[in-house]
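For clarity, chains are labelled A, B, C and D in written order, and residue numbers in each chain start from 1.
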């Protein structure tokens, strides 16, 4: 269970994870100015500084405050600022005003991080399993925020008309376009999915319990939909034809004038570019399409005569695949989805883009939230959202597993979201 | 399938259904003035006159226009006004402005109804199966609108500070309070649910196909939650404690100042009354609570240490129950949920209140929308909504079956919605 | 002063006015159905039934209740429904929900009117001057609502895609286009304006006191701007060129896609029609433009190299003109602005269209609101609005005088508003 | 006229003004971090960095680009970012998104400033009168933005729950409370007001032309209303009693829960503090009340049995007063209104707080906007706003004159706005 230390987490392994996670967060903000790290692009996003602070608040509150006698808060005004949504932890600063906090400054937050890290190091030998379980949870929690930090800062820079690159490194040489989609038949009948919650491996509470699911005959595409395939949808009037769309999706298209994925822009005349962490460049035809909403993913699938995978179909298919495979976040830099590698079988299940499923984010049979404030982590979001599976180019490597349940509202698309087709057989 | 005439529908039976449905609609508006029938209480609701007109447009368009050579539209300006959401039928009057249409008047709409009914009668002998399939669909479609007509007019009258009764008949004598909830264990393992779509019995397209589902061990409450039980939730601070609520639900409670079911009002000091089709009266403690949102149903269940049933659990449990049982709409009047009858086993599965399930409204495996414009009937609403099962006191008797899938957004509560608890075993 | 009976009002004259006003209101709603009279087109407008009721509430409250011992309210629930904005009279139904009141029905309101009129007739011999002063105020108040009733019902019918005519009478034969605008020099130096408030002639409190104003040399156009002149503005890109517009006006144009006066519509290809009380017909080139906002009036004037008159300029120029002259409301029917008659000098100062002035609606020097609840009549609206002078085709004849101050927000245009140019000399 | 160099501006005097103005702007942002200078608190406010950049854009565009041959823009992407509202200068970044511009950074803007200042210095000897007239306008323009910069940054820091002080200096010792208000009779009959526009002294276009105005007998209070007087209004239920308020003001109070001036907060129990440039401190009873809207000023005056001064009354009274008198901005620091000094006659007419007048911001007779893009400076804002006269503690000394016309919407109160009472005699 989420807050119980899993058996694979030896003290040394946990400490190594802890150091690596804390360090990666800081390298992710290295190219950012104090202002870059402070501004909030939209209500859904948070400032980079806030992510650094909130993950630190999590450790200070649930580990140091609750498990280390005599620990004094670094600044007792800050928990109000950096609690995200834990009602049990009391009142907090409004989410929509996170970008108003120019003070404390980025440097002050970094100093807080060092202070908390040092206090944890000092307390480490005396921590009990409960405390170490919370540190483990805090590391996985921070990995989630590492991905959000990247997508949130991208959403901010995308609003700047001068389109600054966050990371200046050159882009990789494009790969050759992938071949046509091939269909891979999945298991049918009863399968087992979900995390075991047996304390052997870490999982968030919503991933469990392990349970049986019943699958019909079906097949999954061997790779996600590419940008060139998306262009075919656009060129066929995909965004202008109500028949492909869910009613809510069509209303969203019309109300917002949607005509392409989130960061696509007209570029050099008729062509399309995409704004990314390395600035504005031409859309790469071979790479998976990304920054699409559920509505778009669903409309594309309908147009293509297919459908989205269900969560059990996807998870069952992923069972034999190494979750560390594929293209995920290894170090700070201008990550982006890459073209499918050559090969046979299911590719890119973990890495490049999160894949929308047609399954609503609802409790698995027998689900129980973790006890205490951290029980607010997942369970209270179980309405109105859809499950995404896999991992993206911005997901820290090591943070992925088949049972992982990412979830967003169907109109949201500022994450590295993509689509893999499925069909009935 | 929805638009294929089912085998049970003999020509005579279909004609009897047609006459009965058309007649009931008109008796439902008998107590309404032209103004009552014209005003729209909110975007979600439609004027009573609009319901009368839209159901007539459905028959005129899909049967008379498409299947009766030489038929001339009664008024060629009206399809624009009374198409609901069929994109394939072209542009239409904005939903939020339905209440601005003081012309055509109620009398003109009633004349249109007679004209269309007469034309259908005249054409009847020559109609092919496709046309009769569409009439059958039109009858079931109109039955849905009969329920909406009642709940929409209730939502309008509820906005009037003088609280007029729509139907003046005296209320029934209250029943004795039901006993404590008893738990009825359901089937587990693989069950079959969904409509067969074999043309034997009518079903909407989204009810099929018949398919297998896998159930864990569980039990359902023998009856819906009562008003007195709801009062206990309220008295225990249920609406003031975030821990019971989904995050979206809590935001909805706070933004709207929710503190009781939709039509409950302070009444004679500390007590609560409820506004209903027969005006404002004290809340009946023994009757099922109604006009609650999914958020409220879910919060109550959490508070009670239980959960909502899933759709397959509910449908499986209902398989052996006569869908015509219970308290449903027989004739126009001030319908309202009634207290559970004495007895054992599952009661009130059909009738009194629609029951929120914890299942999202998504396609069954192998779902295919009906072809043509009527394929927009259900499939395009498959995001963001939850399934309700059963039937309410406002559902026309004969319109119910275990596979029936009603669906609303989790914040909506102007229907006769209630809650039955479930739990894992 | 507003609530003191003026000396010209003999008992017989007041009684004749009272009867004539009450009767005209009812003839204005003769062509309306119960539904027509109930629906509210927008927050700014009120239902016709509401106007009938509110003017009756005014008399029942301030005369019968306050001055006739023993009078019992017709229905003690209705004052809550039909108080408009008198804070001193307590809580009231929300303005934006006036259109939800399908009950009481139009017939019930008409019965209330008869009841109140009869009670006033019965009480008449014993009424003191204060009561008769309030009746006089009530009559002028009702005349204002007669104009609003016509413009509000027009705003409702204009939302109906089938464009029903409220009055079916044939339109008059168009007049010849007026000649070019001629400039009439006005008085300059110190002039006297404002109502004397000496009890000789009725005036609303905001029209006084009589006071001195200082005018520069200027001239007024001899007639209002015509539709054909407005077309020239449109054809010259008037609505597309920010330089003509106030900043708030340009924001309003852009946010609302404004491209023509309120009820103008594309008609038979390239031409424009206008929806009016007699339905949709081609725009009459010779008639004064109407249904324009202050922003439009000001932009037109700037485009034309002119400006709007100030209130003192306009009132000074009107001093010698018979306020009963021109084209005003004599009886119920499809009134509309008519082309300027032949002649010299200032024409159409009273009648056809209200004329926007460049003066804000602010207190005259020495202004004192009327005492009591009726003191809320005008003074509390003195921010953000502009003064209009004259009278329109929908203003009851007898309701006009040079000191009359009509006022609306600069974006509003559902009244019969027009524009007369002015310039410095 | 605004863009014609006035005769008092010798080349040396203009150059000294230019240097002093440019330097003061930079000292105003000295205590700000890059983040502080970047974030936008609300649509009405702009980031400090934006003020620095926009004033520089003004000089680069209208002087260097238009009058210095061969000048190359520092960065040709920046005019799009930093044009405020000049339609004639083309499309521009949306006002509500000014706070999204984390790049260019504060340091880059400061470098731009130096570049432009150096280019102006280099070009200075060859500039013609038109160019120097625009520099003069640019200096006065920048002085306006210096005041906005201070009030905008205050509005941002006020949103931070930890209430950081922008300037850490200690507050001055409070002065003794002022004595009771004394009334000073003003001139009546015809007076002259407005700026002469004769090229002798600088004025913005809207301040002219000089013209005659007619005053009734009246008196002005000798000083602005103090905080302790405002407390009496509050303690008397001033914010809870509709009778004091304009209708729009009362709606604003109710919709926004207004109960005190903008930055007042509950403090140490029952008392009130005020957040200011030096942080949160107790309200100073003797100082003029500030951060009040027109609605509040008007309600207070009504409650006090008085009214607001008109613009001509105020300007006429100020004619003999040195506009450099009083407490205005001399150097960067935590400015705030100070208590009235001892003495007789009108005090604090210039300095401490801007004073709301009861006059709408409308053109003076004979007003002509300046030609070219700079003609958009004032004239297009002439609807819906009220005139404020005088100067505040945040107004750069030297920027004041009796004819100065400041203007804001009646609900706005983030400027240092206060109120001086007036009455009829």
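The working rule: contacts are C-beta pairs under 8 Å (C-beta built on N, C-alpha and C of every residue); 3 or more make two chains touch, one makes a residue touch a chain.
Since this is a predicted model, take the numbers as computed values, not measurements.
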{"item": "Contact-graph separation of chain B and chain D, given in steps at minimum", "value": "2"}
{"item": "Touching both chain C and chain D (chains)", "value": "none"}
{"item": "Centre-of-Cα separation between chain C and chain A, whole angstrom", "value": "59"}
{"item": "Chain B and chain C, separation of their C-alpha mean positions in angstrom", "value": "47"}
{"item": "Distance from the mean Cα position of chain B to that of chain A, given in whole angstrom", "value": "38"}
{"item": "In chain D, residues with contacts to at least two other chains", "value": "none"}
{"item": "Overall pattern in which the protein chains touch one another (line/ring/star/complete/other)", "value": "ring"}
{"item": "In the complex with chain C, residue positions of chain B that touch it", "value": "33-39, 41, 77-78, 80-81, 93, 97, 99-106, 156-157, 159-162, 164"}
{"item": "Residues of chain C defined as touching chain D within the complex", "value": "85, 87-88, 190, 211-214, 216, 242-243, 245-250, 294-295, 298, 307, 358-360, 362-363, 365-366, 380-384, 386, 410, 424"}
